[in-house]
Amino acid sequence: MNDERYIRGSLRLAEVDGEGGQHVVDVLKDVAPDLARYVIEFGFGDVYSRPGLDLRTRELATVAGLAALGHAQPQLRVHVNGALNVGCTPAEVVEVIIQMALYAGFPAALNAAFTAKQVFAERGLLPVVSSAR
Amino acid sequence: MNDERYIRGSLRLAEVDGEGGQHVVDVLKDVAPDLARYVIEFGFGDVYSRPGLDLRTRELATVAGLAALGHAQPQLRVHVNGALNVGCTPAEVVEVIIQMALYAGFPAALNAAFTAKQVFAERGLLPVVSSAR
Amino acid sequence: MNDERYIRGSLRLAEVDGEGGQHVVDVLKDVAPDLARYVIEFGFGDVYSRPGLDLRTRELATVAGLAALGHAQPQLRVHVNGALNVGCTPAEVVEVIIQMALYAGFPAALNAAFTAKQVFAERGLLPVVSSAR
Amino acid sequence: MNDERYIRGSLRLAEVDGEGGQHVVDVLKDVAPDLARYVIEFGFGDVYSRPGLDLRTRELATVAGLAALGHAQPQLRVHVNGALNVGCTPAEVVEVIIQMALYAGFPAALNAAFTAKQVFAERGLLPVVSSAR
Amino acid sequence: MNDERYIRGSLRLAEVDGEGGQHVVDVLKDVAPDLARYVIEFGFGDVYSRPGLDLRTRELATVAGLAALGHAQPQLRVHVNGALNVGCTPAEVVEVIIQMALYAGFPAALNAAFTAKQVFAERGLLPVVSSAR
Amino acid sequence: MNDERYIRGSLRLAEVDGEGGQHVVDVLKDVAPDLARYVIEFGFGDVYSRPGLDLRTRELATVAGLAALGHAQPQLRVHVNGALNVGCTPAEVVEVIIQMALYAGFPAALNAAFTAKQVFAERGLLPVVSSAR
């Protein structure tokens, strides 16, 4: 009965995360498959599919929130990839992370920058050319 | 010697927060004036004055980070106002807050929505017309 | 199309929260009605309606999680009421809160105890008779 | 003079954690032995030895609190084992973790599920058969 | 049997908190008296009574930790008073709070500064004369 | 124009962190060099260079704050080294970490103790001789 939400979520997840999304589904398959289903149905089928915010801004807001939390490095890694997948530049991702130093402190920002660097390196996007100063 | 940073920060603070920024300076004047100075010099003079992210996106990322933290309602209140001041719509602010339910949980998102509602009410912006569903 | 989830969630919400649940819906009505809808559909229709854990244990786990977070006093208040509504005793709620002193520290446990005390007082359940020592 | 608390705590620790508890004592021996002593005396001798909550519910509340915190994976690992040791099923542990997605967000719940999966795998308890849907 | 710890804790609590400590005991009396007992026995009788750190440094470290947590304003208020009671100056308390802006972000530092200001005002200690710049 | 702050910060960073500080600059060089510059200019040039708190107390407060946060192990590692570099003893660092068990819970304190143990081991400072009990 929720097939429509699941399908819509799967398509959005693929658009944002590429194959990364399928990885979470696979890892949870034998321990908490419903948790993976909720990520897809609710996370991507309901929330991520909302209009009202373009996908680039939505991903940058997600990077901001995950960086601020501090304990969500695996998910931050997914969404740094996601931000790049939907057209954000590495410099924009870095700007959002630097901004979080103000609100969540330098450790949260530094650890987020280290995670982002790994993603950028894997995608051959280093060095990041910042437009600031 | 840091006068340039302070002036640049003050101008940016006024642009984002209107008179709200001056309020923080006044409150801290007799307890920790240097903390207020750092908010202006470093927060607004250095970070907020960076190019590389338009001010609307920067404010929405800030709302995301503050909502995710959960303990920063006074600052969230300032930056919901700030987001509106730089041209974000109430619906965009709400979208970012709803997005945070995924990463920081419903309590953080609900409390952020209550704070945003107060700001919107004070500015005569209720009801928020969401573009989603 | 999600009517079944919404109805199932509304029934579960009423069972757990009594009229408290409707209060959240009302408050969010003109600012983020979809966030209230998600609380009902996903929170209560999907997650709270799961079998696999009796409702008393589910509420005590929720009290534990909310107390540990520290920034979720309004939601803790709702779920202390919810725990009592589904048959938990005040002493059980207090036990869970004391347990959290170990993991989240005394401030989180103390603030949760203050919130629980308000709820118990409103329901005429003070003093709590602890079974320990 | 506190020998009684230490002995009572050691017995409870062994009951909950098996040999895992001794590991913490050993690791802290040459850096902060008093911290290990407090874990045993206060954590297990005082709090964990309280009546008023059966040990299964106490462990599930602990899993909830640790999952919600997000930064406590080593301790979550200990208490997923502890929950199983005192008679909780893997499905009950998973239910509590899924419940935390509502309050602490998906990253906290996902990372907790990954930790639980490792424990379940080591004990040959995969796949988890959920009773829900 | 733990009377010695309770008495030692009560004396230390009175030294640090003055009458503020008794207030917590009174508030918890009819809801969670054991939690108050643990604060005294473990918090003040065990940990606060440890040698190895002079009481001024211990209180400043406590102010640092509470400010960084962000959700512990009532306890921060108690320990700003405590820091002053054991001989710290308002300027030292402010220095520690400013330092936390680096690690926990400006909102945590600002909210801590507001709490400290209230305490200083009640004790007639405003304005704080900072020795820095 | 900010050269004075950068130079002052670099000197203070070298004093506190030895070569550890340069490591952060190097790692961020190709991803977020401005974030490293802010750490030096604002973190060490402005805040760490303030008078009003001796460097030993400042480092112990920093260890307290980082331990309480829970998600900042890499930075805690840097500042355990920093505390030792400016003259704190391992026993004082351990005392501050034990104190945090009261406010941030045992997981935060235990994980901080594990991190401190690694630093002490690398510097040949084990076992720590506590002055308490």
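Order of writing sets the chain letters: A, B, C, D, E and F. Residues in each chain are counted from 1.
Everything that follows uses one rule, which is that a residue touches a chain if its C-beta (ideal position, glycine included) is under 8 Å from a C-beta of that chain, and two chains touch if they have at least 3 such contacts.
Computed from a prediction, not measured in an experiment: that's the story for all the values here.
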{"item": "Chain hops separating chain E from chain B, counting only touching neighbours", "value": "1"}
{"item": "Chain whose mean Cα position lies farthest from chain D", "value": "B"}
{"item": "Pair exhibiting more inter-chain C-beta contacts, D-E or E-F", "value": "E-F"}
{"item": "Same-interface partner of C-F, chosen from the options A-D, B-E or A-E, over half of the pairs matching", "value": "A-E"}
{"item": "Farthest chain (mean CA position) relative to chain F", "value": "C"}
{"item": "Mean-CA-position distance for chain D and chain B (Å)", "value": "39"}
{"item": "Interchain centroid distance [CA atoms averaged], chain D/chain F, Å", "value": "30"}
{"item": "Two or more partner chains touched - positions in chain C", "value": "34, 38, 42-43, 47, 50, 66, 69-72, 75, 94, 98, 101-108, 130, 132-133"}
{"item": "Complex contact set, residues of chain E against chain A", "value": "101-108"}
{"item": "Touching residues on chain F, where the partner in the complex is chain B", "value": "1-2, 4-5, 34, 38, 42, 46-47, 50"}
{"item": "In the complex, chain F residues that touch chain A", "value": "24, 27-35, 38-39, 43, 66, 69-72, 74-75"}
{"item": "Chain B to chain A touching residues, read off their complex", "value": "42-43, 47, 50-53, 57-58, 60-69, 72, 75, 91-92, 94-96, 98-104, 130-133"}
{"item": "Chain E residues within the chain B interface of the complex", "value": "69-71, 90, 94, 97-98, 101, 105-111, 113-114, 116-117, 120, 126-128, 130, 132-133"}
